[in-house]
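What follows is chain A paired twice: with chain B in the first complex and chain C in the second.
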Partner chain A sequence: MNRKKERRYVAPSTWTRIVRRASRGVPYILLALSSLPILSMYLWLLMSSLSSKVLFGFIPAEFTARNWRFLWEPIQMGAAAHLSVWKATWNTLIFAVSVMLIVVLVATLAGFALSRMQFRGRESIMRLIILLHAFPGITLLIAIFYVLYFLTRATHIKFLDSLWGVALVKASLEIPWSAWIIKGFFDNIPWEVEWSAYIDGCNRFQAWYKVILPQLKPGIAAISIFSFLAGWGEFIYLYTFIFSEQNQTLSLLIKALIGEFRFTDYGLLAAVSLFYIVPVLIFFIFTQKGLMRVTVGGIKGGR
Partner chain B sequence: MASIRLERLTKRFGKVVAVNNLSLEVRDGEFIALLGPSGCGKTTTLLMIAGIYRPTEGKIYFDDVLVNDVAPKDRYVGLVFQSYALYPHMRVYDNIAFPLRLAKVPRKEIDRKVHEVAKLTKIEELLDRMPGQLSGGQQQRVALCRALVKEPEILLLDEPLSNLDARLRIETRAEIKRLQRELGITSILVTHDQVEALTMSERVAVMHQGVLQQYGPPDELYDRPRNLFVASFIGDPPMNLIPVEFKETNGKPSLVADGFVLPLGEAWGKVLGQMDQGKFTLGIRPEDVRLSTEKEENALLGEVFLTEPLGGGTLVHFRFGEISFRALASREIKVEVGDKLWIVPDQEKMHLFTSDGLSVREVGRQDAHQG
Partner chain C sequence: MKPKRVWRRKRAIPIRIPPHIPFLLPFAFLVTLFFFVPVVLNILLAFTDMDFAMHWNFVGLKNYFRFFTDRIIPKVLLNTVIYVTATLAINVGLGLVLGILSTYYVPENVGLLFRAIWLLPRMTPPVVYALLWLWVLDPTEYGLLNMLIGQNVNWTMQHPLGVVIIVNGMVGASFGMIIFSAAIKSIPRDYIMAAQVDGASNWQIVRRIIIPLLRWPLMFVTSWQTLSLLTSYEYILLVTDGGPFYKSEVWSLYAYHTAFSHQLYGYGAAIAMVLVIVAIVVTMIMLKIFGFRRLMELAGGG
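This part shows the complex of A and B:
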């Protein structure tokens, strides 16, 4: 034990300290640079929707409200008139809400079955669900077309070129993943809690309504939000299966505006696009609390 | 209050037999325990009594009324689960009030009863909390309140103490016993802890692999275990169980194993001499043994292998070949490793089990019945 004073502690020099402190800013600079393109996209949208002319892509030259005139008058492009933006919004809303309702109804029941019931093939179904979710939806376009076509022929109910027909398709693609989320919430409700409800005097319906449903609320909120947003932002299925202008949603309207031959009114396009985003933002602000719960992990903690 | 009678109750899950041909009676106002290792079917039995599981075979009677087809809500039972199973989205108050609200009890009455039962279990100041904010012991009390508030005829307790720390467990044990006495509710406690079962209940039913092994007061289970399982399960430190052969050695009837020769008293010699088999399992509780430095009759000499001071006494380990033997020495005797001592079992408190695991006393009794 005679190693005394062999090692010495050295305090960092002032210069080292300055370099270290400065280098702490580097990650922020890198992150800011890499997110610049994303930010500039929205900046472009905002600027070009509010001006008749932009310099270098995003510096507004002349402010105008003309691009927003679609709010109070029909969109006229050369000789053709487009669907009114309000009608398209209404269509989008109907579509998104239908998707949401179908998803919530089916996914809740499916989640219950996957979590609570023992049946043959349960494991493989759950594996299949994950696989289904990883499937690129576009590969199914033609097959779905045939299904909708034959359904229409067989039942004389309009599945093609109808909003709720496509909502059915979109919902069916959202259901597996939503059922998976709901299953997780069911898994978190112990059997004993349900049994307690029966012993405390509930019949099956009361046990479901008073004890189980309240604990599923965050999960139902989450899948409602996700499926609504998925419906609101849907494009490819609507583009393929909706033919008449009367049934256009906002995404199809925007596509039509871009697709105008020879000439695209970028100011108008930007304004409509912003208009398309705003409800989503509002919706998100009101529901983000519910969304956060999912990542926190359901009902643990009891609140 | 109600009496309970189970008749040849069987529950199968697929091929697994959880409860096998169980018959049991609980008197009005009695406190009994279902005791056994995990997986022995005791919780399944409880859930059948509560009406959660439907028996595969057999009958359940409450007050001589067949209740097999009565829904849980109409059985007037209160159940406390091991996990407490509180409703996480309700305040403590609402948890307790829940059964009363379902029974459409007037609001004022509910308020009175909730406060009454909360006072009984000393959780009045917690009524506004959410279950997630409570400690395990507090949750346990809330669960008990919820079970008691509807004034059940039968109280079912499924391992209610196993999630509590040791000190709280002892307190709550006394608390539950006091409440049960005061309210006089017929109660069934499910537990794997023999101390819990023996201290709290008037009668204990020991179960193993779905089969009832023995049902009787704690003393009886301790003093006269019917079979090898009960003998090995009840008692702490556990009973010494030694496979032996009954032989004449040195002119005396003795129990013999490798390096182990125990001469028998007259009574045992006579009983075993009449049996038509020679192989037995000898059971002696560590506390039914006296240690002596002098040679004595009907004793065997052993060398101390290990000592464990327990505070109240010393647990002394001996070895005879493969066989290890524990004896409880009183504090007065000083025992050192390597000492040679005479082990004197109290022959009256010795147990012998046949190769089927049945107590020899029991075989004698059955023969008497048949004769």
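This part shows the complex of A and C:
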């Protein structure tokens, strides 16, 4: 018994050391192997956008700028040309910025009331927000289609087949969750700061605008970035509610291009896609740490 | 002489708007317009045979009878069950493995790097992510998989459901990964250190300490993902579009196709309605298991 215990303190043999050292590497190998498919996909995207021929998926054989020709000339399909990429980019930008502005404005107002004011039904609204966040809005697509159709007919303003009409829908789906996030930021601003504003003679709106808003910048940045990216990457609502080519965003353009060039010109598809996801990648690299907390609903888990 | 009238400011009208109303009004308006009204509309639409002519023509329960006699429905339901179970297994299982590996076994900065890689598909717009997979699964020798195995297999035609499961699993796993990783980080270091002092191996620590403490996050991820897998179809639409011959068509996608490909809005609404009821039942069970407070804490951070 005693001897056995002592043996544990004897320096491990070379073989054991090797095994231990190696087993410490196993998690790295597993992680690397599992990430390989993802990495190879994105590597392919980059490589095939730059070259006309790709060996084994990753090794560019002939560098060419031809895949990027869409930047200076329209993409031809037979006699007809697709919507210019710049117009599509402009549309995507309009859509994403409208989503962002609506979300930030509405969510910040609501978050302020939910964090700072006591009123009946406050708790129920908080519950409602969680339910709305969990509720699969995508199942309501058919009914939302009718709402947009009805609004178009009733007001003679285009809601269907219009970018800002769809932006309104998209923003509404983002708002419950954003309001929740921004409420958390309001909760972190001390009451005293707000009180001092009231003592200095501000009314509620002035206090909101002059005192609280500046302190809220990180929260606003978070929901702006997130709603912008949500708008930038949006596909299904646009695909369903936008009909005319003039209103195509980049996601719709790429969907159309996939249909036509899938088997003939991966280089072009890769280049357009890369062009499309560059803003996403930039945001991702700079905000990746924060996003990781925010993407999945700001979950801290396990408490 | 008349007493001089003292000028007084008129009293404000006694109706007072509570101060929170103007702040909540835009929120309430949008939520009503795009959540509550659609819910009611969907219920009503399901009783009509509305098509491209957009006429309200109430037909009673006809759509529901049609749903239960539709010959495609059994196939679609079976696909949905297979798809949800298998993808859920990947999402939770792989998410757990990745979460533990990237948080417990490797240093924080390495773990962060791998988690960032796994978050990439989630951040990538769906169209581009679908394109990446279309290339991987390309039926000619240009596809990555065919290049690796050296023969031409038409993956999306021959294994449509498998393809759909993998494509969704690769996105979904990051959800579990992030939550589990955050939960593991919040386990007090003392527990793990105490186990190490007692001579527990890494595997024993994972098996006896970490996984039992992940019980709530595990249940949360499972139920949350069930709900979202039941109802989402974006990636399926982009990669196989339900084909070939409804082999990868799931419930929610079938509702979508009925409404927007065949312009049968009434019937589509009925299909979606049954799905929403199923989803609500699932949510109810989820709430029952969790208790609402717990769920709010988990979902809201706060």
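The rule is short, and it goes like this: the second predicted complex is superposed on the first by the 250 of 303 C-alpha atoms of A that agree within 3 Å, B and C clash if a C-alpha of one lies under 4 Å from a C-alpha of the other, contacts with A are read in each partner's own complex, and residues count from 1 in each chain.
To be clear about the criterion, a residue touches a chain if its C-beta (ideal position, glycine included) is under 8 Å from a C-beta of that chain, and two chains touch if they have at least 3 such contacts.
Note that this is a predicted model, so its numbers are computed, not measured.
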item	value
Touched partner set for A:Q215, first chain B, second chain C, both or neither	first
Which of chain B and chain C A:Q206 touches, first, second, both or neither	first
Which of chain B and chain C A:W15 touches, first, second, both or neither	neither
Partner chain(s) touched by A:S196 [first = chain B, second = chain C, both, neither]	first
Greater chain A contact set [chain C / chain B]	C
Contacts of A:W72 with chain B and chain C, given as first, second, both or neither	neither
Chain A positions touched by chain B in one structure and by chain C in the second	299, 301-303
Sites on chain B touched by chain A in the complex	47, 50-52, 71-73, 75, 77-79, 81-83, 85-89, 98-99, 102-103, 130-133, 146, 150
Contacting residues of chain A [partner chain C, same complex]	27-28, 30-31, 34-35, 37-42, 44-45, 56-57, 102, 105-107, 109-110, 112-114, 117, 119, 122, 125-128, 130, 132-147, 149, 168-169, 171-173, 175-176, 179-180, 184, 187, 204, 229, 232-236, 240, 251, 254-255, 258, 262-263, 266, 269-270, 273, 276-277, 280, 284, 288-289, 291-293, 295-303
In the complex, chain A residues that touch chain B	190, 192-193, 195-203, 206, 210-211, 214-215, 299, 301-303
Chain A partner contacts - residues on chain C that touch it in the complex	18-20, 22-24, 26-27, 30-31, 33-35, 37-39, 41-42, 45, 54, 94, 97-98, 101-102, 105-106, 110, 112, 114-128, 130-136, 138, 140, 142, 144, 147, 170, 175, 178-180, 182-184, 186-187, 213-214, 216-217, 220, 224, 227-228, 230-234, 237-238, 252, 255-256, 259-260, 265, 268-269, 272, 275-276, 279, 283, 292, 295-302
